[in-house]
Amino acid sequence: MSYIKKPAARHPKLKVNSLGLTVRDYEGSMSTLCAGCGHDSVTAALVQTFFELDVEPHRLAKLSGIGCSSKTPAYFVSEAHGFNSVHGRMPSVAAGANAAHRDLLYVGISGDGDSLSIGLGQFCHAIRRNVNMLYVLENNGVYGLTKGQFSASADIGSTSKGGMANEQGPIDPVNTALSLGATFVARSFSGDKDQLVPILKAGLSHSGFAFVDVISPCVTFNDHQGSTKSYAHTRSHMHEVIETDFVPLRTEITTEYSEGSVQGITMHDGSVVKLHKVADEYDPTDRRAVLDYLAEVGSRGEIATGLLYLEEAGADMHGFENTVDGPLVEIPFADLCPGSKVLEEVQKEWW
Amino acid sequence: MSYIKKPAARHPKLKVNSLGLTVRDYEGSMSTLCAGCGHDSVTAALVQTFFELDVEPHRLAKLSGIGCSSKTPAYFVSEAHGFNSVHGRMPSVAAGANAAHRDLLYVGISGDGDSLSIGLGQFCHAIRRNVNMLYVLENNGVYGLTKGQFSASADIGSTSKGGMANEQGPIDPVNTALSLGATFVARSFSGDKDQLVPILKAGLSHSGFAFVDVISPCVTFNDHQGSTKSYAHTRSHMHEVIETDFVPLRTEITTEYSEGSVQGITMHDGSVVKLHKVADEYDPTDRRAVLDYLAEVGSRGEIATGLLYLEEAGADMHGFENTVDGPLVEIPFADLCPGSKVLEEVQKEWW
Amino acid sequence: MARESDYGVNDFGLKIATVNGTGSASANGLLLQALFRMGIPVSGKNVFPSNIQGLPTWYEVRVNKDGYTARSPDFQLGVAMNPESYARDIEEVVSGGWILYDNSRELDDEFRRDDVTFLGIPLADMCVEHFQGSRIRILMKNITYVGALVALLDIDMDVVKGMLQEKFASKQHLMDANFNAIELGQTYALEHFDCPLPIRLEAMDKTKDCVMVTGNAAAALGCVYAGATVGAWYPITPATSVMDGFTEYCRRFRVDPDTGKNNFCILQAEDELAAAGMVIGAGWMGARAFSPTAGPGISLMSEFIGLAYYAEIPCVFFNIQRTGPSTGMPTRTQQGDLMLCAYASHGDTKHIVLFPADPKECFEFSVQAFDLAERFQTPTFVVSDLDIGMNDWMIPRLEWDDSFVPDRGKILDADELEKIETFYRYLDLDGDHIAARTLPGVHSKGSYFTRGSGHDKYGRYTEDSDAYVEVMDRLLAKVDSAADHVPAPEIFETDGGKSVGIISVGGCHWAVLEARDALATEGIEIDYLRIRGFPFNQAVEQFLEDHSTVIVIEQNRDEQLKNLILLETSCAREKLQSVRYYGGQPLSKGHVIEGVTPFLTRERAEVLQ
Amino acid sequence: MARESDYGVNDFGLKIATVNGTGSASANGLLLQALFRMGIPVSGKNVFPSNIQGLPTWYEVRVNKDGYTARSPDFQLGVAMNPESYARDIEEVVSGGWILYDNSRELDDEFRRDDVTFLGIPLADMCVEHFQGSRIRILMKNITYVGALVALLDIDMDVVKGMLQEKFASKQHLMDANFNAIELGQTYALEHFDCPLPIRLEAMDKTKDCVMVTGNAAAALGCVYAGATVGAWYPITPATSVMDGFTEYCRRFRVDPDTGKNNFCILQAEDELAAAGMVIGAGWMGARAFSPTAGPGISLMSEFIGLAYYAEIPCVFFNIQRTGPSTGMPTRTQQGDLMLCAYASHGDTKHIVLFPADPKECFEFSVQAFDLAERFQTPTFVVSDLDIGMNDWMIPRLEWDDSFVPDRGKILDADELEKIETFYRYLDLDGDHIAARTLPGVHSKGSYFTRGSGHDKYGRYTEDSDAYVEVMDRLLAKVDSAADHVPAPEIFETDGGKSVGIISVGGCHWAVLEARDALATEGIEIDYLRIRGFPFNQAVEQFLEDHSTVIVIEQNRDEQLKNLILLETSCAREKLQSVRYYGGQPLSKGHVIEGVTPFLTRERAEVLQ
């Protein structure tokens, strides 16, 4: 904490968090996205999330691939470390970074082209590895940056700006993540900050791969009539399966959880996620039931949103690898290099 | 048919098929796999399939990636066209080949490393594209050719030869294929030719991506106690969900399908697949129900086998692309090149 | 501050600064088209950011009565529509020039210059007054500045109106708005300024045998004419429009009239690896297949390219180069992938590469690339760049010989196979290093096993040294033998043999030509060879031999063309001098002259003989 | 038929032909170890197929009292255990040599030769008689032929028994069986043949300061000693054993004694692209991270390598080369990726490359690679090959200086950051072309944005020409400046300056050394330089200058090392001659002598001065 730059003089009325930082300190450089782009709203939600969770800016590592969505890490928390890598391959960079330094907070931002086309393999394997990070997929059904081609998440029948309808079935990242055993799966909408922020907070607290699919309309190439990832379509077809409250560790927990419609899940770091369920029988910890429920909602043409599935117990990548508790980068060289004595010993085995 | 090489003089007692070929004509060069390798049994099942379905050898295109499994195309139907491509990327080669020449029969052979690690993205996208081919994944839970590392299909708790247990959850190709909308999904066992052959036949008749996951034990690196892809484990945990009969087009169909336990599905080419169901309520055309049933069987530690899901109606890649009915490679150049007149016309638009 | 410079009637540069995503592209296109229709040689370069909307973007128009189309950084007129970039835009106009700007908001003093004339028009205010709705106001602001240019540059108003009529034939209200805006601008300019300016236009007849098109559109059309049926791709700037063009032309010319079905198959792959695999699969089947991409795509395709080389599968890759390395500057041009394309993939490999210099060659080389790929059964690259591919170029009208027969190379058909005893895939029977291939499905005698692993000349798997080496040696000889078949270099020689020569490649051509002419007027005559294909044709070797100093001009940091010459010819290193520009803009005359001058002063005596 | 050749006590070659997967590897290892323990210089080359079981496989043992360890294709003794490959195995023995075979089944007449002595032993029959169970019979057959060799070659039986005792200390029944088998073979040979043969062994003391190890094991240990904590990989022959070794050594030396947890993290990636991404992510965080792979992996990593180059992220890649292109011959050796590693990725790039010649250098260069990668903040390659990596090599004992401090390069720590005003990632403050970096999580002042897209020296995104060029120019200078820091070439010069020199690289070294000695005994003295790093050290330039003919010897078809020299030094092309062998076997003296002779005859007079 001692290494946070002193905040510049601010408007005295701006709220400060426990680090003495204002929400401004969590902003990044000016967005260069189109006015109205859904991605900018996700950025705003992230800014609020980090501010409210008292995240130390320089302890945050923000990564992305390539695309309009992948540009957004530049637009929040300037004093975090950012890495805009190559198209579709951010998950591996994040896994390697996390392997080296497990104590930072990792947030990965990706797009549907980035994660479901070129990056599908890496996306799936990051899930399998349960890399401890918040992974936000800004899903607009198109390749924004290359000017509007359908992506693999485009729904059947969704039309392009030119009027052509997509015929191939979509790869639904939520369904895919659940099928592959993801431990935290949520879907939200860039236009619904109230829903999104608590989900992002919960995701950041999750110890493992926290996947958040955010429908984030592309106003330039996929916000017309006929598009199923437009603001209008998403607003009118959104079905909130579950409402999320996030109670950070430091807040005293006073609420009692009533049976039935509210479920409280304690995160690894002691925070609590409270899930208000729309349907009593919905159990966000029963993978198969969730898949079935989503399929049902989906078959009605509706888009289920909320923190859909959560499993806090599983091992993350470091659990599988049995890595030491602290960051590998902080181990002194003396503890890494076995030295000359050992070298002599080893060589005795070399005949 | 006129272009089939005359069969060499054969033992007079060998059965011939309608092309006058014997089963020997469907064999390939000598296997170089380990004695007892499951993959060789799959090869044998393929040989029988092609023989019994009267496949013209030179109208068969057999493709693979790299691995022990991927070597097998050399071991069946020497007079088919073979393509041993690069590791994990066979699906794209098959898609391109099929795009160019839709009239051949395509069979792709892959391994779990080939399809679920390096090739996961291509595998998933071939499913999404519904490339018309029979896709056989010879699944042994390890990388055979590189000497026994765990693959992404290794089950939790399965031990390596050295005794280390795998901790990461497997990518189950059947579940993955179903989740992604595959139109034909089966699982079988290399040790059960009776089950496998009708499934392969049905897959070859299917118009679309016919996915067959074959548990195919690696006797050298993954057939010990503790391994969940061994002969012994598979034999004792196999649960045949559905029994498949394949009735080729030319066979007169006389059987009546009784209600309930037998379901007959007519394939695109007029052949019929008869499915004898173990549980009456199992519906191999209801994707969600199949997923649930498999999850249940799986939760008991059993391996569901059979032709698990079949959907004959959907468009294949050429349907999506609205390609002409015949092979593109046979279109005469004159029909492809618009000629000088058109060039003049086009250029009028160029200002 | 920019320096003063020559200009005159039908000879000047103008740069329009706007914000991207505001519709300025179509206004600028209208302007360029009008000039072209007036018969005046013109070229347009789009300088755009790697985003979709809201950032500064520029359009550079060069009018040159002599037909020079290379980029020129001398702008006599600046149209400064974007306050964000005023500082730079105003500074870039040459001394004595003019700056057209929107004075709805007053210009800050800091931007004022004494040596240029500011022409303020209250464009925003006028549009607010005359049009309804913010979208249409934004669009019409662009048309209004074009209207002002009509007056300032003396553009033929009939031509402009004719174009608007064509364009909006079916949309009366848009046509009205456009007419209105054009006239608003024109009227304002006529009333407030001394029109036309000394830089102005006069109709000519220099464009009547020409067309105006981008390299990518021409390349796409070339693929259609070559008979390509399978295209596989993954979107990437600046290659995307190749496939956009192919799609468009195929929809027009390749749909079976009877069935409404496509005589082509375009696969949007999940990434470049898959696109390469698809093209290889299709090539194996005998289709002409291609994939357009840029540098990152070639990197990703590297493994597959090696497979195609070793298994001898015809396939065509377009590399529309952008500024590297890594993501680099995706909307800037460069020639940074020359070495990569020549030797892509691990192990010993070498590939055929064609280098078009303009859209005309993009069209022609596309066709030729498929012939070469099939004849030599090997991956073939067409290496273009963002400038050629995405900018509008004036080129001589394209021609097509209807008697053209594609060179499919050695393919055995069913009858030929019926006759032979046994077919061996990699056996060279006639000593030209090329073995016949067969296509799947044709005849069982033609079956063989394609693999990227070791194989002997019979096509059998091998781990034997000699058998392996024999095939590898043939492959080297095979690709080298393509040197006589790739497009021969274009050579510009002065009368007497000169001791200094220039070698260049691709889009550098136009700046080199212009610089060479300029030097010639100063009495400095230089020979010039433009490379159009790799492996290098014998004529390249000859040119190198004939000159004691050869200056290699290219657009990359690492002297990649010079390096290829060092590696692939017998030229002595001392002869070779290097001129490089790699800042991401198209090359201009100035770069060339500045670059070659140091070598000329040394050689000058000799040069002038 | 093989030609006759010199041989003698402690100086001969022997080749054992078996079937893979039958346990012969451990029998052969036993043999080699025994020789080594007798103090006799020895080397072993495994020639194995790209499959797991059932195909012919060979083990070549060379015994050489003078310590030459290069492969030699002269085999005085053949141990022919595989009837499948009899034809070739029997033919390969030199005239006058011996062939040990299993005469349980009679030898076909077609295999008979008059000029060699056949030593038949009924191995299979003996094993059936003496052992129970088919698996143990197969295994013991191998031990039995070793027993016969004990007698035939006069191997010290105590040494052999000692080894068996060590190996089977805890498995009495296996020890018994092995003793039994050894003695069976020995007894049979003693009874039936004139033992020992003229090729035989005599104990020496030439191995006591040596160890026997593979290059991959040594490289793995080097990574441990360098302090690497993150290894990411995807299995591929012949690189797999690097990670196997790293895993093993880490489990032994890097598990926290208190917690039982790992001071390392080894990620088996889903493919090579992911492995590269992981290494880059870890490097960004400040870990020493590496990935071992082979040619196909480098092709797949190309895009990521360009990112690491441009964003300046330290990372280490091991390329254990195998025979390319494409899948090629994965179990054969080659030096086919030299150019690829030097310039991998699209756009202008150049990388640091180290070339070890044996396991000793694999160890040392591993350590150095991490230092160079961190100092120059750039991808660094250790380019080894299958021969070095997977075969057993006799090398001087490795040493470690406990005062070693890793060179982490310029990394600003929290205190330094606290003191400075503003940190700019790509600003070179002291003119050495290297900008300081910071590590994430250390201090908020150290935060910056890493990207593969255009950036200026401050680390800001840019599309500006000059800002882009400035960074690119520094990068070029930076990597070039590594020339003085990569391992300097090893130079062998004769007394007087000679006009002919040889340049070679990597595992070619041993054959070149041997050939050079052989030529010297004929009075032909040649200077020799072995390249160990790229960019080339000034000493390379000097050597080229000092010799009028330089013969470049390498193991690839396309003269890749010679090409690198052409590109990266000022050497005149005429000086450079090329000797290439690329059949997939390690280079031998014969290749070198045969290759250089044509150039020597021309130069001979001069050479001999």
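Observations
Letters are used for the chains, namely A, B, C and D, taken in the order the chains are written, and counting of residues starts over at 1 for each.
Please note the rule applied: a residue touches a chain if its C-beta (ideal position, glycine included) is under 8 Å from a C-beta of that chain, and two chains touch if they have at least 3 such contacts.
Since the structure is predicted, the reported quantities are computational estimates derived from the model, not experimental observations.
Across B-C and A-C, the chain pair carrying more C-beta contacts is B-C. Taking each chain's centre as the mean of its C-alpha atoms, the one that lies farthest from the centre of chain A is D. Put simply, the C-alpha centre of chain A and that of chain B have 36 angstrom between them. Put simply, the C-alpha centre of chain B and that of chain C have 43 angstrom between them.
In this assembly, the C-alpha centroid of chain B lies 40 Å from the C-alpha centroid of chain D.
Residue numbers of chain B whose C-beta contacts span two or more other chains: 84, 86, 117-118, 120-121, 125, 129, 152. Chain C has residues 49-50, 270-271, 296, 303, 307, 326-327, 451-453 in contact with two or more other chains. Interface of chain A with chain C (complex): residues 32-35, 66, 68, 71, 84, 86-88, 117-118, 120, 143-147, 149-150, 152, 220. By the touch rule above, chain C contacts chain D in their complex via residues 49-50, 295-296, 298-300, 302-303, 306-307, 309-311, 323-332, 334, 336-337, 339-340, 343, 345-350, 451-454, 462-463, 465-466, 468-469, 472-473, 476, 556-558, 560, 563, 566-567, 570-574, 582-585.
Residue ranges on chain C touching chain A, taken from their complex, read 21, 49-55, 234-237, 240, 268, 270-272, 296, 326-327. By the touch rule above, chain D contacts chain A in their complex via residues 33, 36-37, 211-213, 221, 224-230, 232, 249, 253-254, 256, 259-267, 269-271, 273-287, 289, 303-304, 307, 397-402, 404-406, 414, 417-418, 439-453, 461. Per the touch definition, chain B reaches chain C in the complex via residues 3-5, 56-59, 61, 63, 73-74, 78-86, 89-101, 103-104, 121-122, 125, 129, 317-318, 321-325, 327-329, 331, 333, 335-340, 342-343, 346-347, 350-351.
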